[in-house]
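Pasting a structure below so you can have a look.
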Amino acid sequence: MTGAFDPLTGVLGVPVLAAALLVALPGYRLTATLNVVATFLTLLAAISLFFGRPQPSPYLLVDDLNNVFIVLTTFVGFTTSVFSASYIGHELEIGRLTPRFLRFYHAMYQVLMFAMNLALVANNIGVMWVAIELATLTTVLMVGIYRTHEALEAAWKYFILGSVGIALALFGTILVYMAARPVIGEGLDAMTWSVLVTRADAFDPALLNVAFVFLLLGYGTKVGLAPLHAWLPDAHAEGPTPISAVLSGLLLNVALYALLRFKMLLAVNTAALAPGPLMVTMGLVSLFAAFMLYRRRDIKRMFAYSSIEHMGIITFAFGMGGPLANFAGLLHMTMHSLTKSAIFFAVGHIAQVKGTQRIADMGGLTETNPVLGWGLVLGVVAIAGLPPLGIFMSEFLVVTSTFARAPWLAIVLVFGILIGVAALFLRLNAIAFGEPRGPTAEAKASYVPMFAHLALVFVAGIYMPPALVAWFQNVAKLLG
Amino acid sequence: MVLLALACAAVLIATAALALLLADAARARVLVYGACLAVALVLLLIALLALLGVSRGPLAATLPLGIPWLGAHFRLDALAAFFLAVVSLGAAAASLFALGYGRHEPAPRRVLPFYPAFLAGMTIVVLADDAFTFLVSWEFMSLSSWALVMAHHRVGDNIRAGYVYLIMASFGTLALLLTFGLLAGPDGGYAFADMRGGHPSAALAASILVLALIGAGSKAGLVPLHVWLPLAHPAAPSHVSALMSGVMTKVAVYGFVRIVFDLLGTPAWWWSMLVLALGGVTAVMGVLYALMQHDLKRLLAYHTVENIGIIFIGLGLALAFKTHGMAWAAALALTAALLHVFNHSVFKSLLFFGAGAVLTATGERDMEHLGGLIHRMPQTAFAFLVGCAAISALPPLNGFVSEWLTFQAILLSPELPSWGLKFLVPAVGALLALSAALAAACFVKAFGVSFLGRARTPAAARAQETDRFSLAAMFSFAALCLIAGIVPGVFIDALAPVVQALVGDRMPVQSGVEWLSIVPIAESRSSYNGLLVFVFMVLSGALAAWAIHRLASDRLRRAPPWDCGYPDASPATEYTAASFAQPIRRVFGTVVFHAREHVDMPRPGDSRPARITVELRDLVWDVLYAPIADGVAYAADRLNHLQFLTIRQFLSLVFAALVLLLLVLAIWP
Amino acid sequence: MRGLTFDVAHLLAGSLVLVSFLELYQDRLYALLNLFALHALVLALSVAWQAYIQDAPHLYVTAAIALVFKAIVIPVSLHRIIVRLGIHREIEKVVGVGPAMLLGMGLVALSMVVMLRVTAEADPLAREDLAFALSVVLLGLLMMVTRRNAVSQVVGFMSLENGLVLAATGAKGMPLVVEISVAFSILIAFIVIGIFLFRIRERFDTVDLHALDRFRGERG
Amino acid sequence: MAVILDLVVQGLQMLLVLLLAPLLTGLVRKVKARLLLRSGPPLIQPYRDLARLMRKEVVLADNASWLFRVTPYLIFAATWVAASLVPTFRTGLLFSWSADLIAIIALLGSARFFLALAGLDVGTSFGGIGSSREVMIASLAEPAMIMIVFTVALIAGSTQLSTMAGFLVSSEVGLRVSLGLALVALIMVAIAENARIPVDNPATHLELTMVHEAMVLEYSGRHLALIELSASLKLLLYLSLIACLFVPWGLVPSGAAAGMLVIGIAAYIGKLAVGGSLLALFETSIAKMRVFRVPEFLGAALMLGLLATLLLFVSRSL
């Protein structure tokens, strides 16, 4: 226990300490650097999990499923902090942020990291719930950080809808406990994963069903599934871009991860209703967020809707179930968070270069800022699911495995994807090609994070390390 | 062997990466295109060796890439070898052409990196032996060519061209995705080897065939899925246009052949009718569209549509014969189709090279602004003329051979037992003949208006002969047109293993026949000898010339043209492309394009010039695509209101969802 | 004894549902706040009762929180807000009382049906409790949906949350109940503060959420 | 020995068609004149014209290209080769298998292709009119011709002219509707292809009506002579095609004694004479139609051909 205890304390402790420090420390350069360093240390700790996993304690657990996500989260957290360092610098210059808020921003960033890591490693459904609520509240505060009318409005909307979601999720959690209590007995065990999963077959199916409905809606709100998605586009559009990246790239994943955990329980319990149809339906509904892409004028809001679409695809995949589809879902989660955050990095720089988020005021980006422009093109190509990038593989697996089992669903899915692709490239043409519009100053920023993500996605589209594959396949089995 | 081919592809990709780094360097052009040329030649050698069955080393390989538990399978069988030969031949010529042509490229950064990637994509597609690798390389090919189409994104409506292209490409890919989904089955046997094993039910086979037709057809440019092609092909730089039109469409044909003839068992016969009918319609529609064009490159692109139609007629016949177990006839039809694949890749590339040369020399694609180029650029004119004659299926060039074989295959169709085909095939034959005749008319127009007559613009009058690399590329392909025309037997025999593998029979061996003539079935039935025809024509022409110049006069005097006595110096009185096409437009256009002519004739004494305007409508677009676009727009508008609800309304959405799900639970059995 | 405990718990839970109905019916803000205070009071009682019958002392904390925070602090502060915002008039509803009531009935029935499908060996007390809790939750949500005014929406949310606490305490021996109730109180505090904030910086002339929705992104 | 004989025969045929072609043209003109109660030019007038043109110098337009000068020889070569492959008096010519009927039609097609180009070369408006109308006519005539080929080939089971003639002369054919249709269609196509009335008028130089003449307007001297000669060759070719497909009697089978050849040649000349006179008769008895009526005329031919083929397919299957 003690030998393997270190990584987790790193993953959870470093952010807390950093947050405490960042609240105290002044100065933009120092805090930004500290932020990067802290996230980097967290990343190191997380990576060390690959080599030694701690034994599951009643509160903390590391297994095949969350191990990958912890590393992913910390990694994206690290790259985002690098990106945010240059981004926030510019925001300070143009005075959108005051140093006071900046300090607050960095502290919150670390708290958010802590909350998400906690949600991932929690072995207790109550703790997980608390962690996700914490993550929500911090992001609410960060979305509203610009104090503009739109920002406050977005934050408020996010807050209200998020709180309702949290409430529903809590009710679901309680119901799960109620279902577990007769079998496992009162007390902590009845809320502990490692115990729940082993005994879930004996739970009361009806209770589990109700529980799952509430959890689906509660955590689904965080995932941004339609029709619970309303908060997502505005929160992405109005908050600072690093937060948009973290939201799309990580928070949605964390919520979905929670959902998967509970799906496992139902998968074990044969008497309970199959969660598949529910998830498939919500997935398809969300998929048609693709239609919303056509009328978007704000570049960040557009990519937010694309996140909804992709969450729909992922939920659809898990809903279909089966080793292939589940594998595809897990892969899609990973790839999407990498790609989408990369896109938001690009978008952040673009918005700073152009001084606006209105697509109408951008154009010819590949002429004026080749690196940025082509980076965005590559990102959109990736998010549109075109090979040879990672998302294509997952979409390939989803569609082919579905079509053999439920042709009509697959056809609907395909049309949804196609509509999304069409919309994305319609906008991309306006942004990246054609006559240059708007200011064309070169962005003074490091493109390393963006291209690091895209490189990973590219590699994954062609070659996947066997270890990762093994974990995913293992989890895919558990997911039923 | 296959590993060597893959290594070549890897070299191409490396070249692309290299080009990304030093695209602005002065010598980058030479470096990149030179490398591509070399690699393409190596690939060609490999392909030929494999095709002639004298290759060393394994013909299949599996790399630990792609889907982890499956790996990436590659295989170089006869079919793959033939198409690899087509691809690498076109690639080699295009690279050679580009060595000179690339000098005029305004934005090398947007071309050099993607060109080798494009070549690599096409190479890997034909080598792929599992669904995932196939689709990845297939879409990679589309993607890199999309980037090339967008190279001149600020010119005209190239952006729209690229957009339509990308959407149609994704559409096709998704259709193929579904095809493979059906072929692979629920437990994902994505390797082609596994697919060959499975025997799908009749309904399943039918849907597979239809999906494959949609997927491959949209890339090949089958009507009505052709809309992107005449937009995208001309938009790209000319050597890329040549590749897209001459080679990429063939890769699409490869996809169709691979799926339908190789992976799929034998579908019910009536699905061959679909292929046949589509082929016939495509052939005629394509050439009619082409006749209405004044943009040289767009005209050529539409002709690609026509030739794809001819190829699919051949494939449809082969399918019909195969499903009726007439392997020998299927062999003839399939050989015809594949031979046309090769021929078209040759002369279409040649023609696009010519168009590119004209474009660089005059800066004009619009034929109405050309004319008289035969005086300024004689060599280009000659090569282009050969290409025109070949694509118009004139003996003794290669285009005629494949169409002749197709006719021979059609003449076998009375043997088919099923009624539908009995009625369909002659009609398709008529369509084929019609398209051939119209193609000739169209290329009289293309060559006559842009190369003959008098220059219509100063640009055309100032044109200069193009560089020697381009000429080398053009003349080598012109020579190939002639060779393939006069000794087709060699090529037919080379195709034998492919056909044998796909339909289980082959055409009779041609190499034995005396005088190098070709005999599809039996000497008494039909035979053709391009060589003799060529020799005869040369002899008799030379004889006539000699006799007249010796025995009669050889005097010659230059004078102003006679023109019935009232010559007019102004080139404006020349026949334009539009006026040349007018009779045919009157005959066909009124029906097919709702062609309308508005004549604005000023009253006597009014000095205003008279104007005639022609209005054409693309019914395919109006009927098929416009409604879809409108539908999406409508849905987008409707759903867009969701963005503007109040928080309370959103909450009520959540509430409704919750209640709904609880109700579901309540009534759950 | 068993019977008595059951009946009392049942009574309290049921009365909680009743109060929710009253809230749904009441459309004057002051009265609504008073009703909410009552709601919290009943909750506190039932929690205390649970603490007693489960002899789980930590539940008394939750009860105390409910009593002090929800039954006193929040209503008072909301009173303040109302006064300051000068919106102590009628509150316009989206749907009339009648339909709202009918909907509420339907919801209660629904939650009963759903919960009674639970097989009986889960002890009846828990089942009943859950059924009531679920209906309280649904009614709270319904209230949030049918009111336009921010304050009454907050009230709706809080009664929803009371339902949660009821369920949590009803769940025998559930750990972390206290923590959760604390966390929720923080959440509510945030909401109230939010309203304060929006009032203090003179950005919205009213807390009617329409004002918040003036932009809703990309409009215009 | 046999090969030598075959070579001789093949040579004989090539010479024969070349020599007979102008005579046929002359004959048609003469008969027409007589039908119009004129004495008309002597039969050998076409030879005289050709000789005269040959001796004249060529007046070439200033901006005529090399293509313009090569075309006459190309056309002549193509037409001559085509004509010499059609069995006229003897089947199974030595080189007959080097091109079947489809190839022969294609050869004529290439001749037309280059003539149309030549019409555009000088860049005069009349040349343009000529070529654009020519290709319009061809675009309908060629498919019609192919349909006719289908019909006959399906009956004879071959596209090889010698085999076809050999089969058709044999008794087993009998009378077939589709053959009749094919014959009518073939005659219509032949009229169109040879620019005869009512499709075109070989004699006119009235600009708006002419097609073929407009294309060759700029030609003079030996070039014009070659073009005229090829035109007569083409007429001859079509007549002998009709003869060998529909009145194959008198065709000498291959390997027959040399003496038989005389009879064959005589029969052939007889057929030509009859055909030429009939053509003249037809031409005098009908008026030229407007250019845009031509498509309907040829469309009818195409439909006839298609109908014939379909009938055949059906009758085959019964």
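Per-chain numbering from 1; labels A, B, C and D assigned in written order.
The rule is simple: a residue touches a chain if its C-beta (ideal position, glycine included) is under 8 Å from a C-beta of that chain, and two chains touch if they have at least 3 such contacts.
The structure presented is a predicted model; accordingly, all values stated were derived computationally and were not measured.
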>> Measuring between Cα centroids, which chain is at the maximum distance from chain B?
In response: C
> By C-alpha centroids, what is the most central chain here?
Replying inline: B
> So which one's got more C-beta contacts, A-C or B-C?
Replying inline: A-C
>> With centres defined as the mean C-alpha position, give me the chain A-chain C separation in Å.
In response: 31
> Just curious, how far off is chain C from chain B if you go by their C-alpha centres, in Å?
Replying inline: 69
>> Centroid from C-alpha atoms only, then distance chain A to chain B, rounded to Å. What do you get?
In response: 44
> Centre to centre, by mean C-alpha position, how many angstrom separate chain B and chain D?
Replying inline: 35
> Using the touch rule from the top of the page, what residues of chain B touch 2 or more other chains?
Replying inline: 643, 645, 647, 651, 654, 658, 662, 665
> Tell me, which residues of chain A touch at least two other chains?
Replying inline: 156-157, 160, 164, 210, 233
> For chain C, which residues are shared contacts with two or more other chains?
Replying inline: 114, 117, 141, 144, 153, 212-213, 216-218
> When you check every pair of chains, which ones turn out to touch?
Replying inline: A-B, A-C, B-C, B-D
> How about chain A: which of its residues touch chain C in the complex?
Replying inline: 124, 126-127, 129-130, 133, 137, 149-150, 152-154, 156-157, 159-160, 163-164, 166-167, 170-171, 174-175, 177-179, 181-182, 186-188, 190-191, 204, 206-207, 210, 233-234, 237-238, 296-298, 301
> Okay, in this complex, where on chain C does chain B touch?
Replying inline: 94, 107, 110-111, 113-114, 117, 138, 141-142, 144-145, 147-148, 153, 209-210, 212-213, 216-219
>> Under the definition above, what is the set of chain A residues touching chain B in their complex?
In response: 156-157, 160-161, 164-165, 168, 209-210, 213-214, 216-217, 221, 227-228, 230-231, 233, 273, 278, 288, 291-292, 294-295, 322, 324, 364, 366-367, 370, 381, 384, 386-388, 392-393, 396-397, 399-405, 410-411, 414, 417-419, 421-422, 425-426, 429, 433-435, 461-464, 466, 469, 473
>> Give the list of chain B residues in touch with chain C in this complex.
In response: 643-648, 651-652, 654-655, 658-659, 662-663, 665-666
> Which residues, counting only chain D, touch chain B once they are in their complex?
Replying inline: 51, 54-67, 73-74, 76-78, 80-81, 95, 97-100, 102-103, 106-107, 109-110, 112-113, 116-117, 119-129, 131-133, 135-136, 138-143, 145-147, 150, 153-154, 157-160, 163, 205, 207, 217-218, 221-222, 225-226, 291-292, 295, 302, 305-306, 309-310, 312-314, 316-317
